[in-house]
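Before I ask anything, here is the structure I am working with.
All chains are identified by letter, namely A, B, C, D, E and F, in their written order; residue positions are counted from 1 within each chain.
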Amino acid sequence: MAGETIRICRRETFNAAHRLYRKDWSDEKNYEVFGKCSYPNYHGHNYVIEVWLEGPIDPITGYLMDLKLLKGIIQKEVCDRFDHKNFNLDCAEFKDRIPTAENIAVVSWNLIKPELPENIALEVVIQETEKNKVAYRGN
Amino acid sequence: MAGETIRICRRETFNAAHRLYRKDWSDEKNYEVFGKCSYPNYHGHNYVIEVWLEGPIDPITGYLMDLKLLKGIIQKEVCDRFDHKNFNLDCAEFKDRIPTAENIAVVSWNLIKPELPENIALEVVIQETEKNKVAYRGN
Amino acid sequence: MAGETIRICRRETFNAAHRLYRKDWSDEKNYEVFGKCSYPNYHGHNYVIEVWLEGPIDPITGYLMDLKLLKGIIQKEVCDRFDHKNFNLDCAEFKDRIPTAENIAVVSWNLIKPELPENIALEVVIQETEKNKVAYRGN
Amino acid sequence: MAGETIRICRRETFNAAHRLYRKDWSDEKNYEVFGKCSYPNYHGHNYVIEVWLEGPIDPITGYLMDLKLLKGIIQKEVCDRFDHKNFNLDCAEFKDRIPTAENIAVVSWNLIKPELPENIALEVVIQETEKNKVAYRGN
Amino acid sequence: MAGETIRICRRETFNAAHRLYRKDWSDEKNYEVFGKCSYPNYHGHNYVIEVWLEGPIDPITGYLMDLKLLKGIIQKEVCDRFDHKNFNLDCAEFKDRIPTAENIAVVSWNLIKPELPENIALEVVIQETEKNKVAYRGN
Amino acid sequence: MAGETIRICRRETFNAAHRLYRKDWSDEKNYEVFGKCSYPNYHGHNYVIEVWLEGPIDPITGYLMDLKLLKGIIQKEVCDRFDHKNFNLDCAEFKDRIPTAENIAVVSWNLIKPELPENIALEVVIQETEKNKVAYRGN
């Protein structure tokens, strides 16, 4: 017998560098669209990732999912991969994607989803600064 | 004439002790599943409860609901009941439920819902630490 | 080809004064309903506005929308209009609306929505104090 | 025997309206010096007050001072006096003082100090917005 | 040649249960002094510890002290010792000390100080709730 | 006549990339000392700068210093200089200094101090992550 449907959230952090630009655009065009985010030598952020799961409470444990397991998945799939890295230079996932917060959320979702049981829905929130964040629920 | 449908949120806090374990399991099994949360002498948290209501704005007052009333309901049904208490030893609501954040959210929802007008939807968010929280909307 | 559907959030702040009361009620009746918020000489808040947009990622830029543009819209439509103002005395939008957080959210939504592309959904969150906030998605 | 010298801090909040201006200056001069803070119809803030005490731990209780007592003093001397008030119109303490954060800190210190035992040093911190605060230790 | 004198701060967290009471007092007397904190079955908190060091910058590394080392000291001396524990029942350090925030700060200071180089001054800040914290600099 | 001595604080933010390493050390030695902070392609942070001034309240304005002026100084001397930059590659101030938080605080202090009146004392706090910050008061 499945328990109540609930959502849980786990928050982790990582620090990384990035630059927003298209190789097929001039520096002027990149600056026009991406502003200071297109500066050539990179800048960086303290990224916060919030991982939200939705599914039934396990009546045996009272958990939707053991947070130690969820923490391990986030650590392995996101933090170990991106922490203290340069998204543009170090991360194959962004070879053909500009490392905007939007794309970091989508990529993180794609990395975490296969690690979860099928009946659990996933939303990933990426906070890039105190003033902006994005949320992705899959398509 | 009912006003716009809106959501409002009230935040309160309380402090409590708990232990996560099943009486029908050995200490080893409990530690295997619940880790440090199964330590025998309890630990505790500063719990944050966010109560979200959804319903129409009252055109007379511009309120969905007077927050003083909502605060009073949260105080009476949740804070007075659980603040400075031990969920396992003091709270009848958890006699047959492990006091995980998930179950605290469900129990709080069940306590608050009957105090609200019928046309108001309820979601309860329980934050247990800076890194984890749960949200419950009823079933 | 449109990219993944995503939500993005931009956070801004402004400071304003207000008083909650109805001109057609006595001071006693106003105090009974609105409590200290009805005091005659106004009080004020540091308001936080979170503007959430939902729509597709632009595959060219990796953005749902350039945050500089969104910031400009919020600045022009909300912050420039309400910052360091008295909602009751200075703001035509509240001539016939009590400036509750609920109504500030609705008015802000109505001001921002026409500035956005049609395919982008909007939610406005207004935080009035550490303990209360409201969210409005349109009707 | 007195215990270790320690500092403790209690945090409370209140909401108020104010306007920064000098009656002996023109509107233009006031705007030049105080900017938007001089707008005639007031604006407001969610003020945070942090009260820091320094003194010895009482070996009997393990407290520097019972926080319930300290909370009561802050409540009576500061919050009850200023909450939901207009500093300029309602508060005699600011009849001859411009209600800047600096002066609010000094006035609050002057109100709280006489309520404390003589051997306890006092510092008052007033946070006016997320971006500015002031701290006063007496003279 | 020593570099500039600077202060650095590292923040960690742990969760624990406690009860404030004196065994040589009646339950009534304990309730009179410690209020709800004297309830017999314990309650708990998410404790935040901020460890501040003051000393010279090492001109070779640009560090006052490697934060990995400092984190390790806090982990071993404070978090491993108190996390998910009951101060009253599990911790020898509080056998003859009431586990107030004041005493937790003093005990933590006493545990961390011997692990640091002699020329580094130490201050320990313990935050017990959103509303109260204490700071101890040694005597 | 000078008013009460007080401290005021202004908070600003900027985002930058950096790498901690010494050119005269091998990669192995750099990794041994600086860990992941020595990764070759940089990482980054959302830096928070808090600028604390200490001095007398101006009895005419009730200000220690107009925060618009202070904000302008921080903007010009720190944020415009470092925001969206790479400390190692773009900033002459760090040609012979490793861009640790300690050194960023010292450099920022050295940049801001000459812009202030002589009778005002200065402390600069740099927060690099949620878990670490440094404070520098000059020597």
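Simple rule for what comes next: contacts are C-beta pairs under 8 Å (C-beta built on N, C-alpha and C of every residue); 3 or more make two chains touch, one makes a residue touch a chain.
Note that the structure is predicted; figures quoted are calculated from it, not measured.
Shared contact partners of chain B and chain C, listed by label, are A. Chain centres here are means of the Cα atoms, and by that rule the chain farthest away from chain F is B. Ranking all chains by how far their C-alpha centres lie from the centre of chain E, first place goes to C. One simple way to say how far apart two chains are is to compare their mean CA positions; for chain C and chain F this gives 34 Å. Taking each chain's centre as the mean of its C-alpha atoms, chain A lies 29 Å from chain F. Within chain C, the positions touching two or more other chains are listed as 130.
All chain pairs that touch, listed by label, are A-B, A-C, A-F, B-C, B-E, C-D, D-E, D-F, E-F. Taken in their complex, chain D has these residues touching chain F: 20, 22, 33-35, 97-103, 105-106, 130-137, 139. Across the interface of their complex, chain E is touched by residues 4-12, 57, 60-64, 66-68 of chain D.
Of all residues in chain F, only 13, 15-18, 36-37, 39, 41-46, 83-86, 89-90, 129-130 touch chain A in the complex they form.
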